[in-house]
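Should a chain be cited, it is by its letter among A, B, C and D, assigned in written order, with residues numbered from 1 in that chain.
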Amino acid sequence: MSSQPQREMNSESLEPRPRTPMSDAEARNWLQRTWDDGKGFTSWFQQVHHTVIGRRYIITAFCFFLLGGLLAALMRIQLSHPENHFLSPDFYNQVFTMHGSTMMFLFAVPVMEAFGIYMIPLMMGTRNIAFPRLNAYSWYLYVCGGIMLYVAFVLNTGPDVGWFAYPPLSGPDFSPGKRADFWAQMITFTEVAALAVAVEIITTIFKLRAVGMSLNRIPLFGWAMLIHSFMVIFAMPAVALDSSMLLMDRLISTHFFNPAEGGDALLYQHVFWFFGHPEVYIIFVPAMGIVSEIIATFSRRPVFGYPALVLALVANGFVGFGLWVHHMFATGLPMMGYSFFTAASLMIAIPSAVQIFCWIATLWTGRINWKTPLIFVIGFFAIFVLGGLTGVMLASVPLDTQVHDTYFVVAHFHYVLIGGALFPLFGGIYYWFPKITGRMLSEKLGLWHFWLFFIGFNLTFFPMHILGLKGMPRRVYTYLPQNGWGTMNFIATVGALFMTAGVLFWLYNIWTSYRRGPLAGDNPWGASSLEWATNSPPPIYNFDELPTVNSRTPLWTATAENPVIRGLRIDDREVLITRVLDAEPDHINSFPKPSPWPFWSAMATTALFVGSIFNGYALYIGAIPLAFTLTMWFWPKKHEIALEEAEGVRR
Amino acid sequence: MSASIANSQQPPRREIDVSALPKTVFGSGQSILWWGTMGMVVIEGTFFALLLASYFYLRTRVTDWPPAQTVPSLNFGTINIAIAVLSLIPNYLAKKAGSSFNLAGCRLWLTIMSLISIVCLFLRWFEFSSLNCMWYDNAYASVTWTILGMHTVHLITDGFDTWILNIMMFTGPIQGKRFMDVSENALYWNFVVLAWIPIYLVLYWAPRWL
Amino acid sequence: MKSISVAALLLLSLLAGCAREKRSYQDQSPYVEQAPDKVVQSDLHPGMMPPPSSYEKNVYAESAYDVAEGQKLFEQYHCSGCHFHGGGGIGPPLMDSDWIYGSDPQNIRATILEGRPNGMPSFRGKIADHQVWEIVAYVRSLSGLLPKDVSPGRSDQISLGTTPQQTHPQYEKKEQPGLNREEKPK
Amino acid sequence: MIRLFAFWAGTFNDHSVTEAMGRQAAVIAHEWWFFFAVCTTVFIITMLFLARALMKRRTVEDVPLATGPAVLDPRRERTLTIAVSSAMGVTVVTLFVLLFVSISTGASIRHFNSKNAVTIQVMGHQWWWHVIYQNTAASETLQTANEIHIPVGKPVVILTSSNDVIHSFWVPNITGKRDLIPGYSTALWIQADKPGRFRGQCAEFCGHQHAHMAFYIVAQEQNDFDAWERAQINPAVTPAPGSLQEKGMQKFMAGPCVMCHTIRGTDAGGAVGPDLTHVASRSTIAAGTLDFNHENLLKWVRNSQDIKPGNKMPAMQITDDDLNAIVAYLESLK
């Protein structure tokens, strides 16, 4: 077992609970020492604090975003004119599959969770995320899954069956080699990681809230992450099951999707879209939380219609599971069922509309502070509303049979996902960058970024609506000159150039501002939620004193009446656990210290997953190191024992 | 500094002293460990539910069920689930011993639970052969094997967990949180057994009834 | 250490992947001697007719794509009409380890090109050379002569109730009580 | 309305959703324009409200952030509640209207069928379309590929199926798409209201050459259709002895072509590639990729992999003489 200097120190230097009075500086020193995850190469693999892991998550997710964007650029070049030979069909198929898989599994979901990991404990006013080691483990797994996929891609083993990987095309008969296996196994990696984070976030929001933050005072981003996490928990097992069935069909000759032996290719689609549709909301719901936060802060008033917004998020969560069949309208299933799914698909417009109206109402009555985060949110409005409306069109069965699997759909979901998730996310970066780094991003470069990206986006994707109506199917590597799709495609490619330029401005902005940007201070935007109640960047223990809350906008209503939390040890990672409903103090939990075992467990898991692609025995052999590392992970630690010996079991 | 951070120079503020709060709790929904366990339970429950739904979906795609095969024989499966259901009693006692910090009780009932997990796994071995098919025969066989295989994975992990916990109970060090582990481990075994009941009915009786 | 072994595993398997994942459809291979009248069936011996030197080691046997193509061609060119899916019938089974005319790629190629007595026709001039090699690779995969990662998995058709085409240890089917392979419809 | 948006199309577009030439596509196009109008209106109204909200007043430049947020005026909040609720009411009503229109459109498409329809079986292959006109007499059953002739104004039922992967049958001017899923066979009703030649393309990703898997529906007057059908049922013409075509036929039968293609009336009976009995009567080759003409045929037969990489027809290395002969033979197969 590895031992760490400060761990030894803590177990030796056990003294009675340091209580007040104690000077603030002294208390901070203690907290710093207690919560410090250490520095240096070996410590890096042991760190567990949510800001550390959250930062890694955010950076990793955006690396994958850039890779996915690069692939998109390749596709746009290939499609810029008819009969282009820039990419071979084989490579193009890998590229578009990698683009979709990267954006969905390695960027969109992880980046939302990343912001959740970083922000939720701060917003809830606690010192760390629940299950911090699991959190570290999930990041290692996520990274390993992504690296595995890209290593495979570089070695010409990139999946080439679409991000949806429908059998039989992805099955053993039509996808020889290991390409589809890597795709399916990447799903397993990211699923495990996403599920772990979902459990952490639910637990954090339910049990680690600041005293006084009853359910009806949780910030909307908190609600959004809560709904997101519940959706992950119910949706992700579906795709994990689906990709497992696909892997088994491919590797051990099961017949789930072989119609000749009683299997069924549509089973895959049902299970996939049972995940795949909620997936859209999994990506989009946290973005709604970000929008709510930004709108409140920059219109200088609490968001209008908090209960309605929360209910809308919940409704999104529920209805999102009831419309998966609208991805299968072209399969020729019985019409009766279709009507139900049309109704459900239209119904989901209602919660989205509630949110849009509430936000407009907030802006209407607010005092507007024109800053880049808000500008990105305005961009979000324009794009997302358009995308939502084309979504309403797609809900209709007859229309869907015409435009399904055409560029109309490509346009639609890019409007929804880039408009509905990426624009708020960019807004969120401009909003929270000062909190995370302590420095402001440049407003001027931010405007360049916004306008290039906004114009480029619309140039790229608006023509695709028309292309779809003019009969251009998705996932084609080229098209014929006489089809008449050349002009629109060329415009789209030009738009992609603009988007690229926008992203470059953004990167440059981050690069320079991180080094030389103006210092932010604790609360540069005058925002209301608890993450702004601490330094920027937050200390490793998050808060000098645990905050308490007396309204939905705690920093706007905080008074001297707010009580102070006393009595948590500061020589141990004690965290106050509160009650689910009213967030009154309930009990205390000692949070784990840094550990190398999440890393080793992730390595063992990776070996098992990757090995099993090549040999079934990897499942048995790989289980041994996995069991060993997991056992070591949970094995009692010296300092915990010492602490408990000092103070006895507290019942 | 923003408003909610206390400043010691100012007049004394109302304090909430949490130093007397417990660190070891057993209530439903009380500890974060409970929420973690329930998270796992819900995730895996969803997985099983979808797997069973796939079973019935595949059923609708063929006329004979099981296709051209004899039905699975009941013996081992029935004995095994009977043992599993009965094991809920020692499991409950283990949970109770855990939440009352009864070390001797924990050792006793955990030992019994460890042995039961071995017996269940042993019987499970024979269950596979009593399915009367191999997973590569057809879709029915594939889904049947997968359901039973998935559940076996749960048996193995929970059995492993029980063994480790039991060993810790004997070797020490004994911590308050170990007793919480005993309680959560019992909760998880309840899930393994509860999930087993529909699985048993589907695997062994659905081929007879459908 | 584990990370090193993982990396090594990745590297090894994926370097192998380069050949395994090759899609060689742009290969232009000749039809072997477009002169059906020259074919003499009986006095050919295995190995007599060396293949073009570039195919000395049958590059197509290293690519999963080509082996899978071979599998499809095996059906499309009606090889399965006599050999079924490797189980044999009118023609000899190909899944076992008995080889009447030799198991070397060149032997199998010669069998396909020149035909054999008692019914195996000659396909000389009818099948592109690289397709012949693909079929050769597939035929060899049936009896487990190819590495597992290039051998095709099960195909999307009736599996004849036999074993998966991969060489998996579960082939001890007869040991399972109550299992009878013959019960399955052919 | 369609004319209003004619700038979208310019000249007539033979693969466009909005230029309906079939009964079903017309119904859907109507629905499309209705949805388009409603959604555009909603979009504009929402954006106007948003613009108004943003431009209403002032920024906070003059009010320091530290002074805290606006104090909420309860009366104004009540007004907002009423405004948002009414907007929601309008939204719900609109959605119900859209639902009604959608379902009634679906119903009018669904109830469209007939007892004496032309029945055409369409099978998807990687990457071409196998078309079979079933007839109780086997000799009257005709097979063709990548070109579907139908009579104008008569209901036609397309029975779809697939033997390999999932494809999707889609002719935008005629009707919406239908997936071809292995293990499933579905019936898709179509009816062309005007004669013409309409392009269709596979709409479900199906592998390497998904991009080059097109076909045409040729809608003809009943007389023309009958004539076409009669001609197609005939076996292939036999070339005159000693002609270049005859040499081509020999090359075809002796070489690899015969392994995959069928030419009725000859020994060629392969089922891997398209039926070539009347290939010269079709307007395109390679599943709508190339026009049927001499140069394209030469190019295609010599090395189809250059044009459609990954397709199932291997590259040929044959002499120019043989190639010319084979192409001449193919051109004679009217």
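Convention: a contact is a pair of C-beta atoms (placed from the backbone, for glycine too) under 8 Å apart; a residue touches a chain by one contact, two chains touch by 3 or more.
Predicted model only: the values in this text are computed from it and were never measured.
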A-B or A-C, whichever has more C-beta pairs in contact: A-B
Chain occupying the middle, per Cα centroid: A
Cα-centroid distance, chain A relative to chain B, in whole angstrom: 28
Chain A and chain C: spacing of chain centres that average the CA atoms, whole Å: 46
Centroid distance [mean C-alpha coordinates] between chain C and chain B, Å: 46
Between chain B and chain D, centroid-to-centroid distance (C-alpha), Å: 51
Multi-chain contact sites of chain A, meaning residues that touch two or more partners: 90, 168, 173-174, 249, 252-253, 255, 258-261, 264
Two or more partner chains touched - positions in chain D: 164, 182-183, 208, 309-310
Junction residues of chain B, two or more chains touched: 61, 136-138
Interface residues, chain D side, partner chain C - complex: 164, 182, 208, 254-256, 258-260, 270-272, 303, 305, 309-311, 314-318, 322
Chain B residues touching chain A - in the complex, by the definition given at the top: 1-6, 8, 10-11, 13-25, 29-32, 35-36, 39-40, 42-44, 46-47, 50-51, 54, 57-58, 61-62, 67, 101, 135-143, 145-146, 160, 164, 168, 173, 175-178
Chain D-touching residues of chain A, taken from the complex the two chains share: 88-90, 93, 161-162, 166, 168-169, 173-174, 259-260, 264-266, 300-302, 304-305, 308, 330-332, 335, 338-339, 342-343, 346-347, 349-350, 353-354, 356-358, 360-361, 363-370, 378, 381-382, 385-386, 389-390, 392-393, 395-406, 466, 468-471, 473-480, 483-484, 524-526, 528, 553, 556
Interfacial residue positions of chain A with respect to chain B in the complex: 17, 19, 21, 23-24, 130-131, 134, 195, 198-199, 202-203, 206-208, 211, 233-234, 236-238, 240-241, 244-245, 248-249, 252-256, 258-259, 261-264, 267, 270-271, 274, 522-523, 530, 532-534, 543-545, 547-548, 554-555, 558-568, 576-577, 580, 585-590, 627, 631, 634, 636, 640-641, 644, 649-651
In the complex with chain C, residue positions of chain A that touch it: 90, 148, 151-152, 155-157, 168, 171-174, 176-179, 249-253, 255, 257-261, 600, 603-604, 606-607, 610-611, 613-616, 625
